[in-house]
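Across the two complexes that follow, chain A remains constant while its partner is chain B and subsequently chain C.
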Partner chain A sequence: MGNRYLKRLATLLLSLFIVSLLAFTLIELSPGGAMARYLENPKISQADRARIALRFGLDKPAPVRYLIWLRNTVQGDLGISLMTGRPVLTEILERLPATLKLMTFSFIISLFAAIAIGIYSATHRHSLGDNLAAACSFLFLSLPSFWFGLLMIYLFAIRLDWLPAGGMITPWFDPDKYPLPTRPFVIFWEHTRYLLMPATVLSLSNIGSWSRYMRSSMLDVVSQNYIRTARANGVPERKIVYKHALRNALTPLVTLVGLNLPSFFAGAVVTEQIFAWPGMGRLFISAAGNRDYQVLMGITIITAVLVLLGNLLADFLYAFLDPRIKCEG
Partner chain B sequence: MPVAYYVVIIFFAVFAPFFATHNPTYISLDREQIKLPPTASHFFGTDNLGRDIWSRMLFGARISLLIGFLTMIITVILGVAIGAVSGFYGGKLDFIMMRFVDILLSLPTIFLVIILAAFFKPNFFGIAAIIGMTSWMRTARLVRGQFLSLKEEEFVAAARALGYSDCRIIVFHLLPNVRPLIIVDATLLIAQAVLLESALSFLGFGVQPPQFSWGSMLSASQHIVFLGEAPWTAFFPGTAIFITVLCFNFFSEGLRDAWDPKLKNIVC
Partner chain C sequence: MFRRMLALLIVLVMVAAITASCGQVSTPQTAEPLVWGMHTDIGTLNPIFTESANEANILNAVFSTLIKVNDELEFEPYLLEEMPVVSQDGLTYQFKLREGVKFHDGVELTAEDVKFTYEMKMAEKNAVPSRLRWERIANFEIMDKYTFYITLKEPDVTWLEGWAYAESMIVPKHILEAEFIQGGNELSKGGNFSRNPIGSGPYRFVEWRANEFVMLEAFADYFRGKPQIESIVFKVVPDLNTMLARFTNGEIDIYDRAAPDHYQQLLTLQKEGMPINIHNSPSFMSMNAIFNLRLPVFQDIAVRQALSYAFPQERFIDVVLNGVATAAHADTPPMSWAYNPNLKQYNYNPEKARQILQEAGWKSGEDGVLEKDGVRLSFTINTTTGNPVREAFQEIAKQEWEAIGAEVFIQNFEAATLFGDILRNLEFEMIVLGSAAGIDPDSKTLWHSSQRPELYGTGQNFAGFSNPRIDELLEAGLQETSQEGRIAIYHEVQQILSQEVPFLFICFFNSITAVPKNLENFKPNPTLAGNTWNISEWKLN
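Take a look at the complex of A and B:
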């Protein structure tokens, strides 16, 4: 069994190596390579470029630079941002909490909505509600998130003025101004009102696919013998659904959620851009616009680490929920 | 229904010059011409540079759909080739290739897509190539799975006994068997490609001016003041993307049900 986890760890490290090598090679192959940022400025002469290259160690051959980058990264040094001149790791760590906040909130929304819709659809098969849920999930999966986000901003922020159009918190928000009994609610609402729209936009496609999956997995479980036995023993239907069937229906969902993590991060990039959310995705977009290769490499590798750890967690969770897996692995 | 939509939209895209009421790239800074709401002369209004949105959408459809199709073709070629070789030969090669696919599938490839788009500043063919190169994995896996079981069938053994080459067996004997699967997958791929391209263009890394697609038409609406003043500039191109993607998804689902109910569990 220990062997299994060792194997997983090796795969994880290999994945990280491959993604960093891919990102590095792609940047290297592009016209201008790592120096692309300075290529178009006519005020920067050939001599200046050579000096910059020397300063950043870009004069060495690419494979050597990749190895240097790898060594530094393993030691926790992701280099210096070309945009701001600050350490990349500091920049990322400043933005990471915002991204995680958005993703956690959206994750909770998607999970609860998907499970609720899935259970309803499975227990009311071919009813009006089930068909409606099927249609909605189809719509959600086809919805361009940026367009939907803009519509929401137009409706709720500009027309109705209910929610803020972007940002994470009001800069001059001061909880001390409010009397103590209501203060927690004020703080909660202050955070929630900024989260509501971006989290909804980020959740929709997840709800679409997860709820369908939940429905079919629930139907699979309900048709099994032990459920029939429970029914024959006169266990109330509610208890069958929520106690006997739900746990087993959830296990396959864990895998799907783990597999969906990359698209979750991809969605976060777009969502953060629409709602001016000060997270890692926006940093990535501005770094890409500035061709700041250090930041791009840094974010790619950090995201890959997060996604792979998420997958690993999903695996553990799966083994925990379904003990049969341990023997097979 | 989706088929009727395609006929209409491809017709509009092909004959865009006949339906366009204005020059799609004509810029007018006349204050009377910019940010006009939809009227009889400008069906969908005008944008911040006084360009007619209806005409732009017709020409934008060309780029959006072309990138969608091109991406699909690139993805299918890559996916089928890799999946077929992997599934047909099996063994160590298959193991290594599938581990590689697993790794790519578990990584957020959007970051690589954006890096490529930002550094290479591709034209629309380049964009299709970039999206294609990062989305062939699912197709490869599907084809490989089918090939693994198909190659054990008797007709393959018969073909082998006749001394046919591997290449001939793969292309003429095995591929026709997975054709429905590939076509269903391809329609789905078009939907995803249109969606990804428009997101990329929306972020400013896709189609660059003077070319434009539906996604890049929404790009200017990121400015909140502009969105408030002229919501139609975001509404119409976005609706077109939405309906197009929806129809391709619908179409794929319909094909799947029509051809082979068994496929239901394979493509997810």
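Take a look at the complex of A and C:
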């Protein structure tokens, strides 16, 4: 048992190393260079640029810079952001809660909606509802998120004025202004009303694919022998669907969701941009545009770690849900 | 089970919504802050390290400069009692500060703080983006608490203007010196002061949530009196379409430097009754197409002049920019005191363009593209991706120029690549760029032959222009002290530029800003100072 986990750990570390090397190479190969943003400003002379490059160690050759980065990262120092001068870890950790909040909310919406739609479609196969759900799934899968986001903003924020058009919270929101009994609800709604639109936009494509998956998985299970036996034994339909069939149908979905976990941490770059959501996706975009190498490498490695851990989690969940799969290597 | 949980969730949300809205009706509200929408997040609030225009907008409220440039391009003393006195030889400036100016923590601002600002700019380990104007200082001498002398290495009439902008804002010695020493004689861009600035401006810093907003509140002891507007928030809105949406539904009060294609929509909103004022004012920002004069095809002045005649400048401004710009014929903007209104203009005339080329010996080759001495009239136009105005220029130019016998390709790059590789390595043939002029008409860095980057590594003469008369004039312009003398010099510079056309001069942009109708004293400022230059004077009625 111990050997298996050691092997797992070793594979994890090797994967991380390769990911970091690949990321570094790609960033190095991309045109422009870290000094690009200074070239636009006429007040910054050649001498200034040389001085800044020296100060941040950008004058060293690429392999040397990679090794320095590797040595520092192993010791927990992810370097300093070129854009703000703060430690990269601080920048990332500041954004992580926002991303997690958005992704969790979106995941919950997607999961609930997809499972509900999937069950309905499977139990009412070929009905009007099922066909409608199918059409909607394909629609959701094809809609570009930024376009849909802008449409939602136009509808809900401008025309109807029900929801705010972006941001995470009202800067001057002061919960102390509200009487105690209503305060938790006010706080809850304040956070939720900003989350609703971006989370919905994000969840659309997931709903589209997961509901189809759920439907076919349910159909598979429902045609199994043990379901027929249970029915024959007089077990109520409701119990068959929700207790026996659902649990088994969920297993493949768990794998699919597990594969989506990377996106959970990387953040939704386009949606965050449209809704001005201060998460990791936005950080990545501005770091990429500004060639902030340290931040880019930091985000990549942290995302890689979280992805690998996420896969581990998916494996355990899988084992939990399906007693036939125990202690897989 | 899922359905029940979903139902419960919906009920909870509804209850929250109802109670929230009830709460808003029964609880007294204080005035909501004025919200300014900014397009990108900022890196730092420490003037020592500032680089961007967005930072300048906020820094104008938190910090103070020695002088200011107002919306009519006049210098005004700000922290100073009066404008500095310059010695006969143009080397020594005498400054006298106002008395009783306080930092937000109550400590008085003195000459020591100004000297300290200079020392921080020049401190070896500090990663200051630009030392250009600070390196010109030979000596900084403090006479007493409020008076100091600065001696330059060489006379420089353009040097004073820099004191009006964000990079010259005065920082508090009594706070930053400790941070500097603690950092091992190094001030860090990401240090505590960058995130919690203390200045002497009309607004004190309250909070900065990264990527979200910066919140400021009025400073009661501001030396010109507490500002009327109690609280201001600078919100980050990365997407311009969302910016317009949030301006429309009232989440954002001020939409500064609107995209040109939003101008019509703003006008429509105004017509529909939205209580806003739309400021349409000239700026120092321009757009030009730079010829790489190192290439044989662009060395022929006939080519440059013909291409200028063949480009429909007026129509481009009317149609693509909605008239929100002025035609450019040289590098100096119309509101500058050195502007020459009598320049050679290249009014749209494709026939004349063909004629000029023909007379210069360009003949049509086998494939219809003009040729001369083995050189084809063929080139690529580069610019940044995602800029609709520049892309429109490329499309129109390609169409018009191919009609007179040229072969035009378009290749665009993302900004960091364009500036980092293409521009820096002079790998472009024709490049479309925007730029911002300073108040001073000196343009040595653009046109002087020594400022070609390939020679000494300095300068912005990307075109590779080299003209002896221009060199003479530019050098004289920096030495000349009388304004009439300088006007004559720069008039001639513009004359030569409009004749030689090292750039295809396109236009000077107007700046569009939409503000609430009840905002008084908002005065758009075309210089680098930005539109918050007089934020202490703003009033809401």
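Keep in mind that, in the parts below, the second predicted complex is superposed on the first by the 281 of 329 C-alpha atoms of A that agree within 3 Å, B and C clash if a C-alpha of one lies under 4 Å from a C-alpha of the other, contacts with A are read in each partner's own complex, and residues count from 1 in each chain.
Here is the rule we go by: contacts are C-beta pairs under 8 Å (C-beta built on N, C-alpha and C of every residue); 3 or more make two chains touch, one makes a residue touch a chain.
What you see is a predicted model; the values in this text were computed from it and never measured.
Engineer: Looking at A:V307 after the superposition, I want to know if it touches chain B, chain C, both of them or none. Which is it: first, second, both, neither?
Structural biologist: first
Engineer: On the A-aligned overlay, A:G289 touches which partner chain: chain B = first, chain C = second, or both, or neither?
Structural biologist: both
Engineer: Could you look at A:A165 and tell me whether it touches chain B, chain C, both or neither (first, second, both, neither)?
Structural biologist: both
Engineer: So, A:F138: does it touch chain B (first), chain C (second), both, or neither?
Structural biologist: After superposition on chain A, A:F138 lies in contact with chain B alone.
Engineer: Quick check on the superposed pair: does A:Y154 touch chain B, chain C, both, or neither? Answer first, second, both or neither.
Structural biologist: Both partners.
Engineer: If you stack the two complexes on chain A, which partner ends up touching A:L70: first (chain B), second (chain C), both, or neither?
Structural biologist: neither
Engineer: Of chain B and chain C, which one contacts the greater number of residues in chain A?
Structural biologist: C
Engineer: Which partner does A:V269 contact after superposing on A: first (chain B), second (chain C), both, neither?
Structural biologist: Touch status of A:V269: first partner only.
Engineer: In the superposed arrangement, does A:A36 touch chain B (first), chain C (second), both or neither?
Structural biologist: It touches chain B and chain C both.
Engineer: Touching chain B and also chain C: which chain A residues?
Structural biologist: Common to the two interfaces on chain A: residues 30-32, 36, 150, 153-154, 157-158, 165-166, 273-274, 289, 291.
Engineer: Which stretch or stretches of chain B touch chain A in the complex?
Structural biologist: 99-100, 102-112, 114-120, 191, 195, 198-199, 202-205, 215, 218, 221-222, 224, 227-228, 231, 234-235, 238-239, 241-242, 245-246, 249-250, 253, 268
Engineer: Touching residues of chain A toward chain B in the complex: what are they?
Structural biologist: Against chain B, the touching part of chain A is residues 11, 14-15, 18-19, 22-23, 26-27, 30-32, 36, 138-139, 141-148, 150-151, 153-154, 157-158, 165-166, 213, 259, 261-263, 265-266, 269-270, 273-274, 284-285, 288-289, 291, 296, 299-300, 303-304, 307-308, 311.
Engineer: Spell out the residues on chain A that touch chain C in their complex, using ranges where they run on.
Structural biologist: Touch list, chain A to chain C: 30-33, 35-48, 51-52, 55-56, 80-81, 83-87, 90-91, 94-95, 112, 115-116, 150, 153-154, 157-158, 161, 164-169, 171-172, 177-179, 182, 185-186, 188-190, 192-193, 242, 273-276, 278, 282-283, 286, 289-291.
Engineer: Considering the complex alone, what residue numbers of chain C touch chain A?
Structural biologist: Residues of chain C touching chain A: 1-3, 5-6, 12-13, 15-17, 19-20, 22-23, 27, 29, 32-33, 40-41, 43-44, 49, 51, 125, 127-133, 167, 188-191, 194-195, 207, 209-213, 215, 231, 233, 235-239, 241-242, 245-246, 248-249, 251, 413-417, 419-421, 423-424, 435, 445, 453, 457-458, 460.
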